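Same chain, two partners: chain A is paired with chain B first, then with chain C.
Up next is the complex of A and B:
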């Protein structure tokens, strides 16, 4: 209704406190003011949310708080973003009523990222609740009583927790501050860019606070002040702090070319010329099949699509692959032509029941875990967990079944009615009866979300889909690692699949779109290594991937191949390259990501490190250096004249009208071949399921894609899937370069305890 | 052991067995002990509740709510166990009646809790004893043990087929836990912080079960009501204020002590006759009628019957029966400071107005009494209290605010006498206020 009732302690989704007394209102027929937060509205109730009495009560609360609150706003991190400042602004309380000294206590550091300043604390208990109720970590509590009350960490003087920083984010004042951000800037000196986190596959929206610096634009802070994302309030330690790899001292900021066996700094022109010349030579002399292309799980959909197109249409090779962490093609194959069978991340928050098979979302999919916990807590959803380990989410589960490692697939068969494996499942903790009862309960659930980890692959997923189809309204989520694994998969980074899971063998659509394509299926990543060992793979083009470091591929097999690597750091893979191009990361470019549920979201440029380039631009420059027609690769200017950026003025009437139309639709004229939005046009036109509303997308909204419209897809060899096994404090190769992730003690290897003396 | 006092005007009901060795279960049985509960076992639960309702018994903790009414709110059917709680966390300065009851008649409390349990259909009762009353928990422990040994507690009590367990539990030293929902938190092993209401304890109480929670004095009165009948008990007092009350007379009196007097006994008479008047020929300055949280009364305001409604009409509260008498050597500013020191120390800290308000009142009054007060402090003290009143999470904030407002309103002149660096006018003549040292 647009009526503001102020509060400090009330927070949506967390338990009621009635502690701050700011939300007092006057209710007719009640002698005292009542707290709005704890009063249930009843028929005929007449409530005054604003009156002299109510305003005076609120003003008095602010006065009382300010009595002990240090007025160090000019140096406080929360200055400008402080709810106590806002309340003071709203209710006055400008007069100092007290003469005595304020109560003081020294500031405490609880972890590398969490500082606590008791004098600033107004004891709203939001931090205690978000940590306990929201995160199920329970690392914060209240000690002492009365005016000596103090928020305290679980390990007397420090925190042992998930370091998610939710307590800092939810703090209405500057009592809890971030070790990564404190005293760096004032909030109004930053630009705030809402983009998508580049770490796990959940696709949280993170708002990056960006400031100009001498090497471009520095990301100073990550938070979720924009609660419009699929994550609402939530961010984990990676989303909040692990943007700092961008300014790691080992970040590459100039192209390197191998000269006399040594990687040596070179100009961009020199590097592109060399790459263009060599790749053209290999293609023209040995054929495209002598070139391998490896894409990334963290580059944008536009880059992945472009890479797929570039490989096939320019390099003339189907030897395209990426580090696979989940079997999305199998899901596409199983759901081909069966619409409405996948769940979005938002669906998890509202589903009446959730079945989780495999995976450990608390560590690998923190947002999914948050959604599940919140749903169970606030909407009493039923959670069923089938796992080979006693994962933490079992604490929310209505049913938990421990299975032997690797037996998740058998559990699916059991759910579907095959009792032959039941005896193997029976254990001390889960009896035969318990298994049968669990199956009955699961089978009785309607509109359930079934999330499964990479433990299920290939035909197992088909079996699960069949089981799910036997239930009413069940929807699936396949859990893969890294921010755009699903996107990499859907943009066709496979030797036998084109974008939208179109098999290479039946690619009429793409034959037409992309001109002539190589007809035969290409090589998978291990097959490329084999081919290189046999001397058949003459060139390898790696975009934002580290197969040698992550997949254990022998670096010496590529000693005779011409290797080009685009990356931020000198990874194990970049180390063996002939040319290394310094790449921009996902926080430094624009495009789209598809999260593991299939939710498409806009990635916006926030930071900038000078002399690095987005992978998109580098792919285009390499194509250009190979002498290929760039406008065929990126359809820039293929629309109207104004898209070309050359007719404004000359045909001003038409161009301006078009510009007005573009602006009204929040569209940009595509004036350069480096504009990823030009490829997004093509993706939306060509890749099945991606023709969602562009306006919605550009407005920052997530849109769930329909995988059922995809091509027939194919069943992949299951051994090609290598899960990342990241936890909260690691993130593939990238995690190594995050100072913050490496600073929290929970990330340190446990030192064996040695008895004193 | 506290020395017992007596006065001819007393109507001894609860204190009937005081000084007669009733802590011993055999002696208690000789003195009609456990007869009431056996009578109650033969009654229908609704009849027990009606009997208590008709007796006019009102909660002796301070709020004065009809006990029978409270019991009738407990649902007959409940999926969760129902509980009876005896609130023995007596901590209100000036109040020391439950202490005597526990000391002299522990079985009376147990029996009262048993009858309450029968009335609401509960099979578990807890007797919560203030943490500082450690020696009383020893007495209570023994009493419970003896009752079990006799088969009065446990399975099949008195061969009736009814199971009933009674436990004792000690507090950890927090005034706040005298608030019923905070007491339940404490009993559950959590910090003693009050709960949001509704739901009220009768519906969702201890461990989520329907709970009856009564003051120790209230429960101790119940066996006498069952044995003597509602009419007899009601007629001891005044209409709407049935029975007797344990009045704790303290302060500047010749004969301080706990006296059991009929409800509605005149306050002036209580001070000058029962309490023996003001010692050393001094004159009366003021009276705190019902524990330190009740607004102070001037000498001209004390010719009133001591029942819940009459004292409320006089602008104060009957409260917990702690009558504190102050003579003309008392510094009201110092008395206010003592009072606020207590509430500042005991504030649980949960809500802003109580946590911060009591602290600023303490700081301001400390400085003010020390002679560094300024004129605007007087208004500010009143303003602080006024803005706490009715805005705190639980009544503790009101308990600090109400007397403070009365001090400033009724003794403004005395506050003004402390201004301009003048020493406290009572510094030389004043005697230590004996209650809240």
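Up next is the complex of A and C:
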């Protein structure tokens, strides 16, 4: 309606507080001004939201708030993005009638990332509510009364919480500030880039505040200011603070080549030449099957697709794998030809019921947990939890059933009607009757979202899909651990599957697209290690993965292989490499990510560290160095006409949107083989489910992909799935290089600074 | 933490008065304070657990009410009213007298742990101002001499 009613304490989705009195309006037939936030609109009500009386009242409120608020906006960390500042600007309470001295209190540090400055606090209680209601952490409270009221942390002088920083983001003033960002810059000195978080598989949009620095562009802040992502207001500790690995002192910024047994700095040309020569030799002498390729869970879809294509069409090998954390192929296989059976992250927020089997979303999928809590709180969704541990989400559950560890699969069979293991499930906490009642309730739910962890694999997923198909409108989510685990899966980083879960054995489509592919199924990661041990794997190409550090593979098995590693750091895997190439991370490149639900989103370049390269570029350079025709790998140079503005039409004058439009209509010539958008063209054309609106994608919207049209897939050996077991404060190998994640005392796995030992 | 049977009986009864457990917090705090003397960390942890609240929530409530205290008080808590009626009738002088006599200030406690002193707002005894309250007993139409007598009696009672 375009009518603005100001407020401090009101916040969408949180309970009403009526504390700030800024939203007062004049309602006819009511004697006094009423707070708009707490007044229910009724038929025939006549409300004046802006009159002299109302303005006067609001001005007085601002004056009262400023009575104790420091007027040092120029040195306040929130200066320039402070709601109190804006409100004072609007209502002009620039002069005060108070003579009294301001009530000063020293600033407090509550955790490495949370600082509290009492005098700036205007007691809107947003932080208290978002921490309690939103996060279900309840770490903040209000102590004392009246003018001496103060926001207090749960451990008297510090916080013991999830360190999500929601309280900082929601604070309208500079009372709560971020230890990672405070006093580093002024908000107007940053560029803000909305991109996708590189940590867990939920795919939150994080807005990175970027500033120029000596080595390119430095990320100084993460928040979610535009709120357009699937996460709305939400970010966890990783999304908000764990971008700091980019400037870790161990970050690699030059290629390393092993000379006389030691990794020695080299030029890019030297490195690419060596890799090209050696890989070509191995391929031509021992055949492609002597080369292994390991992809990443954090590289973009474009990079994963390109790697898969490069491995198959240039290296001539199907020995392609990645660190698997969920059985997406099994889901694809079970849903083959059954459209509309997967849920998006947004669906979780609106589903009338949610069934969670396994996993611990509070720790492993913080956004999913937030969506579930919010849905239960605001829409009274029914949550059913079946887990081997008393996970925190049981607090929101309408039904919680504890099962013996590893018995989640049997619980699925029970839900489907198999009573044979019921006796094993019955315990003191969950009786036989409770189990039967739970099953009745779950079976009665319509349009339920069923989220399951990696406890379910292979045929278990098939069983779950069959059960879900017996319900009305049930949709599934398979929970994997990393930012683009799903993408790695869908882009075919498997020895037996090509992009879109097309089996290698029946890959007519890709035979045509990619030209002569090796026909035999390749080796999985452990099989590659075995082959290397037997001296059969002559070369290993690792892109953004640390199998030795993460999967416990013996580093010595690769001692006779030529190993190339692209990474940001000297990980355990990079340490044994013959060539290490310094890679850019996901915050330093463009592409797309597919989250664990199958929502496709755009990853935008925010930071930059000079002399690192995106994996995309490195793959292309290696192909080139091997003497392969790069234009066959990346369809660049395909745009046919340039546009100088004549087609702008309604978008005239809006440069950015125009660029989006151009790109969306394929008018932007892809002039370079390093342009991931050129590969995206191919992905959208070739990979089932990815043919979604380019305009929406480029505009930063999430789009849910259909998995049902994928290839027939195949059942994977379940032991190849190794869950990351990350919690809120760890994030695979990457998490070890985040100072902030390691600084909070809640991080039980914090490691000393020296990570790659 | 162990409370008396009387407390437990009251607590159990109190829970039946409200639709949610947490609502029983304020009366429970008062009973616990009467029994223990103050709301110690131990009491707070116990009550938080019983009423399904966080310790922080319990502390928030305690800090709101001036009649609830986390710090130990004397055996006899002398609360002198200085609100308008009492003030007009010499309440402030009475408070000054108590301070001198007990050698402690507002919210202070004597070294022997017998007396605490507090300046309080209206205790509803305006008709008999100036008034003071010692624990739950009222003393009215006070003068310095009368106050001395009262305090001496408590001292005698407390040291017996």
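Everything below uses one rule, namely that the second predicted complex is superposed on the first by the 719 of 757 C-alpha atoms of A that agree within 3 Å, B and C clash if a C-alpha of one lies under 4 Å from a C-alpha of the other, contacts with A are read in each partner's own complex, and residues count from 1 in each chain.
Just so we're on the same page, a residue touches a chain if its C-beta (ideal position, glycine included) is under 8 Å from a C-beta of that chain, and two chains touch if they have at least 3 such contacts.
Keep in mind the model is a prediction, meaning the values are calculated, not measured.
With both structures placed on the common chain, the touch criterion links A:32 to chain B but leaves chain C unconnected. Once the two complexes are laid over each other on the shared chain, residue contacts for A:138 go to chain C alone; chain B is not touched.
When both complexes are overlaid on chain A, the residue A:185 reaches neither chain B nor chain C.
Number of chain A residues touched is higher for B, counting chain B against chain C. In the overlay built on the shared chain, the residue A:152 is in contact with chain C alone; chain B does not reach it. With both structures placed on the common chain, the touch criterion links A:97 to chain B but leaves chain C unconnected.
Contacts of chain A with chain B, set against its contacts with chain C after fitting on chain A, overlap at residues 142, 144-145.
Against chain A, in their complex, chain B makes its touches with residues 174, 176, 191, 196, 344-353, 355-360, 363-364, 367, 374, 380, 383-384, 387, 390-393. Within the complex, the chain C residues that touch chain A are 54-57, 59-60, 63-64, 66. Those residues of chain A whose C-beta lies close enough to touch chain C in the complex are 138-145, 152-154.
Put simply, chain A touches chain B in their complex at residues 16-21, 24, 31-33, 38, 56-57, 60-61, 63-65, 67-68, 97-100, 103, 122-123, 142, 144-149.
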